[in-house]
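Next come the structures, one after another.
The following pair of complexes shares a single chain, chain A, combined with chain B in the former and chain C in the latter.
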Partner chain A sequence: MTDFLSTPAPYVLIGLVLYYIAYRFYARWIDKRVWEPDPKRSTPATMYMDGVEYFPVNRYVLYGFQFKSVAALGPIVGPVLAVQYWGWLPSLFWIVIGVIFIGWAQDYSAMFLSVRNEGRSFGPITYNLVGKGARSVLLSYLFIYFWLLTAAFVYILAATANGFSGSFYIIFITLLSGVILGQLVFKARWNIFYATILALILVAIGYVVGYYVQFPATNFLGVYGSVMFWSIIFAIILAIAAIVPLPSLILPFNYLAFYPAIASVALVIISALLSPISGVSFTRPAFVGFTASFTGFPLWPLLFVTIACGAISGWHSLVSSGTTSKQVESEIDALPVGGGAMFTESIVALSAFAAISVISATVLGANGYVLGAATLASGILGKALYNGFVLFFGAFLLFMGVTVETLVIRYWRLVLADMVSERKGSIRILGNKYVATTLILVLALALIATFTFDYIWEYFGGTNQLFAAFALLLVATYLTKVKKPSWYTLIPGSFMIVTTIAAIAYTAYLFLSHSFNPTKPLTALQQLFYNFLMGYGITPYPIVSAFDVIAFLVGLSLVILSITMGYYLFKSILTYRKEAGITQPIGGKTTMAKPGED
Partner chain B sequence: MIFKKKEGENKKKSNPLKEFMYGFAMHGNVTYMLRTRMYMEHLFMLMTLGDMLGFPILPPYYSLRLLPYMVPNIKSWKMRMLRERDFTDLISG
Partner chain C sequence: MTSFLQKFKMFLYGAFLFELEMHLRKVKDTYEKSFMLILYADMLGIPILTNYYSFRILPYVINNLEPWKKGISKEFDILEELSDMH
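And now, the complex of A and B:
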């Protein structure tokens, strides 16, 4: 029994059972009691059907699309870092509790909010419910979010390519296969089935090449030089991918990446559930302490931003209200699509939790996931396959990172172009696709170069979670307006906004305090940055201090924007309560609107 | 994942796994293709109907010849052109 309890299997299983119970009872109860879906009511997909943006889509298709849109590196990297910082027990607790009480509620409610508002996305809904100022804050926030996300993901890509020599060839050959597939399908009009078979054969060749050609070796330029080398390589790849038309590279690449990605997720989950048979057990402590190892981060508030996706993520609300809500066929599909996809994404986080818990090594970025997943899978399928699985899961991380990051860079330049399009003067140059793409990648490389990934991840997680808090409070604002109970989003939203502001403020404080005393690096990794500069005869301290001040100002801006947004949202909630004549405690039971009244 | 049966749902047998796989791997691509076609159609509509809107791009002879083919698209074109658009609409997953 002790052996069974020291493997990840029972905890993953408990998580799955709790997800089922939460979906079956709590989520359905909220669905029926608060949103009261009516299958006879027209959705934007049927009301405004244009066959392009608005058209009804089968719930299973939409569920698959929503899951693909929300699941990326986030649910993997967060648990990998958190388990190393605080132990596996608090990480597991937050993943499970987070998704049950907050995560699904955000995704589902954001989707329903959009469905009930003619399929509008978050910008116009914020404008309508809260005002012009709040929408501007949202836009400013989005820019910082994209920047931090790009820095974090490019670093993870570089750390993975460096850590697992040969994995780069897999992604490189898959990218080339994507180009060939695109040409075959879109230009030569090949049958998609035969084109897919050919492309998958090329991908398989990529795996073989990656396995046998392990060049350059890990850390061939030292840790710092190698990670920066791969960061620049990936920045160039991402720039090309973000600039060329989507059908030329990204669409076929994403399609090809789907096959190994889905196989990887399924393999890790099954291996984790079978870990009592394979004998793979926990090697990390259940609880390290309230202060993190390596970094000294306090458990509250930083655990709640370190694990973002998998527990709750603001990105999901943007996707839920961006495309999916315009294609929901019936109101009763919102729960399986929005809530169901979130619970499924959390299973990916559980797989990451299981993987990192069974290895004791401390490695860069998300590499712990690769080693842990390979340990779990080879435990079941044969130890001789360990090296092969290391490459397989390394390539999986690269696939996930590249597919999401190219889209993020694309969004960045589209949003930037949209913002400067009506302005006059030289600022319009920012709308140029080459300038915008170069700008975000140079800014991201500047962040990576300082080797403060742990801190950058906290900023990224903080912005992501604040988006989630905004979404939850926006939903609460709407529900108050239409006289429906709002406690199930208001309470989590309030918790998230306080926690994430505290997390960002704490991280900003660390940067500020370090700027006064830069002789001691923030992390052991940052010492490598110091050594790099000193190797060229440059004194690192003024540069580090300057970076600390910039990073502090970024954090300060985020805190100010968050407090402003929080003020707007709570003010709107109070205003709507007053208008509606509600006297019960905030978020409590309110006068239920009659069907159709809202 | 549990999915509740809808009232009046089409009785056509569906394959949830196949549809999930399609949604995961292809739906985003198909949506993007439709959007690309939409933008091209917008240009084509503008060329064809431009004369009536004050942009004489095509000679009226050709516009009139093409008009019957354009008429069915006018409603959805108008709806798309008049719809409010926001930066958050650009984030499509």
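And now, the complex of A and C:
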């Protein structure tokens, strides 16, 4: 029995059972009590059907689409870091509790909010409910969010390509296969079935090439030099992918990459559930302590931002309110599509939790996931396959990273172009697609070069979680306005906003305090950056201090933006409560001064 | 009643191919909107010379005029561009 409990299987199973119970009872209860979906009520998809953006789509198709849209690298990297910092128990606790009480509520409510507001996305809804200032804050926020996201993900791509020699060839050949697939389907008008088979054969060849051509070797330029080398290589690939038209590369690549991706997740989850048979058990401690190993981060508030996607992620509210809400066929579909996809995405986080818990090595970026997943899978399918699985899961990380990143860069361009569109003078050049793409990649490379990934990830996670908090509070604002119970988003939203502001403020404080005393690196990893500079006879301290100050200012601006946005939202909630004549405390049965209009 | 297999097929379609379908719908729409703009921009107050083809094609596109006008003058927000990126 002890053996069984020391494997990931029971915990993954408990997670799955709890998800089912939460979906079946809590989520349905909220759905019926708060939003009261009416299958006869028209949705934006049926009301404004144009066959382009607005058109009704079957719930199962939309669920698959929503799942693909929200599941990426986030639910893998977060648990990988958190399990190494604080142990697997607190990480598992937050993944499960987070998704049950906060995560699904955000995705589902953001979708319903949009459905009830003519399919509008968060920008116009914020403008309507909260005011013009809040929308500008939202845009500034996204601007920083995408920068941090790019830095974090390019670093992970570089660390993975460096850690597993040969994995680069897999992604490179898959990218080429994507180009060929795009040409075959869109230009030569091949049947997608045959084109897919051909492209998948090419991808398989990529795996074989990656397996046999393991060049250059891991750390061939030293750890620092190699990671920077791969960062630059990926920056170039991402720049090209983000500039060329979508059907030429991104669309077919995303489509192709999803085959090995879904196979990887399924394989890890099945292997984790069968771990009592394979005998693969936990090698990491359940609880490290309230202070993290390696970094010294306190459990509160930083655990709650380290694991963002998988528990709750602000990114999802953008997808829920911007895309899928326009295609929901009936109001009763919002729960299975919005909520259901979030619960499914959290299974990806559970797979990452299981993978990282069964290895004890400390490796760069998210490489621990690759080793752990390979350990779990080879435990079931044969130890001889270990090296093959390492490459398979390494390529999976690269697929996920590149898929998301190219689109993030595209979106950054749009945000930047929107921000400078009303200005005059040379600043308008920032709206140019080549300039904007180069700018974000150079800024991201500058962040990566300082080797402070652990801290950057906290900033990124914090920004992501704050976005989630905004989404939850925006929903609470709307629910208050229409005189419906709002506690189920207001309480998690308040918790998230306080926790994430604290997390960002704390990280910013660490940067500031380090700027005064840069002789000791922030983490052991940053020592490599110091050594690199000293190798060229450059004193690292002024450079590190300057970077710390910049990083502190980024954190400070995030905190100010968050407090401003929080102020706008809470003010609106209180105003609407007053208008509605709600006198009872949050969570009680609402009392209205006059019969409600919806 | 939809069988489990059919549901699963629909899920796979959503996860793998729906993104491509959405993109193709958008590309088609862009071409259609541009085509209408060349012919009937004057209906939106854009001063172009109405030509022979505008009248020749009018009976075939008359039903599309209102949706086109509505679509092209629709509120635009960059957050809605997310459908192209997720």
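Basically, the second predicted complex is superposed on the first by the 589 of 598 C-alpha atoms of A that agree within 3 Å, B and C clash if a C-alpha of one lies under 4 Å from a C-alpha of the other, contacts with A are read in each partner's own complex, and residues count from 1 in each chain.
What we mean here is this: contacts are C-beta pairs under 8 Å (C-beta built on N, C-alpha and C of every residue); 3 or more make two chains touch, one makes a residue touch a chain.
Note that the coordinates shown come from a computational prediction; the quantities given were computed from them, not determined experimentally.
K.L.:
Which partner reaches more residues of chain A, chain B or chain C?
P.N.:
B
K.L.:
Answer with first, second, both or neither: which of chain B and chain C does A:41 touch in the superposed model?
P.N.:
Touch partners of A:41: none, neither chain B nor chain C.
K.L.:
Have a look at where A:330 lands relative to chain B and chain C in the superposition and call it first, second, both or neither.
P.N.:
A:330: touches chain B, not chain C.
K.L.:
Check the residue A:24 against both partner chains and state whether it touches chain B (first), chain C (second), both, or neither.
P.N.:
After superposition on chain A, A:24 lies in contact with chain B alone.
K.L.:
Quick one: classify A:571 as touching chain B (first), chain C (second), both or neither.
P.N.:
So A:571 meets neither chain B nor chain C here.
K.L.:
Could you say whether A:428 touches chain B, chain C, both of them, or neither, answering first, second, both or neither?
P.N.:
After superposing on A, A:428 lies clear of both chain B and chain C.
K.L.:
Which holds for A:343: it touches chain B only (first), chain C only (second), both, or neither?
P.N.:
In the superposition, A:343 contacts chain B only.
K.L.:
Return the residues of chain A at which the contacts from chain B and from chain C coincide.
P.N.:
Residues 50-53, 57-58, 60-70, 120-124, 138-139, 246-247, 251, 254-255, 258-259, 262, 318-319, 321-323, 411, 414-415, 418 of chain A touch both chain B and chain C.
K.L.:
So in the complex, which bits of chain C are touching chain A?
P.N.:
2, 7, 10-20, 23, 25-29, 67, 71, 75, 77-86
K.L.:
Which bits of chain B are touching chain A when the two form their complex?
P.N.:
1-4, 6-8, 14, 16, 19-29, 31-38, 76, 79-80, 84, 86-93
K.L.:
Considering only the defined contacts, which chain A positions touch chain B in the complex?
P.N.:
20, 23-24, 39-40, 48, 50-53, 57-70, 120-124, 127, 138-139, 142, 246-247, 251, 254-255, 258-259, 262, 318-319, 321-324, 330, 332-333, 336, 340, 343-344, 411, 414-415, 418-419
K.L.:
Would you tell me which residues of chain A are touching chain C in their complex?
P.N.:
On the chain A side, the touching residues are 50-53, 55, 57-58, 60-70, 120-124, 138-139, 192, 246-247, 251, 254-255, 258-259, 262, 318-319, 321-323, 407-408, 410-411, 414-415, 418.
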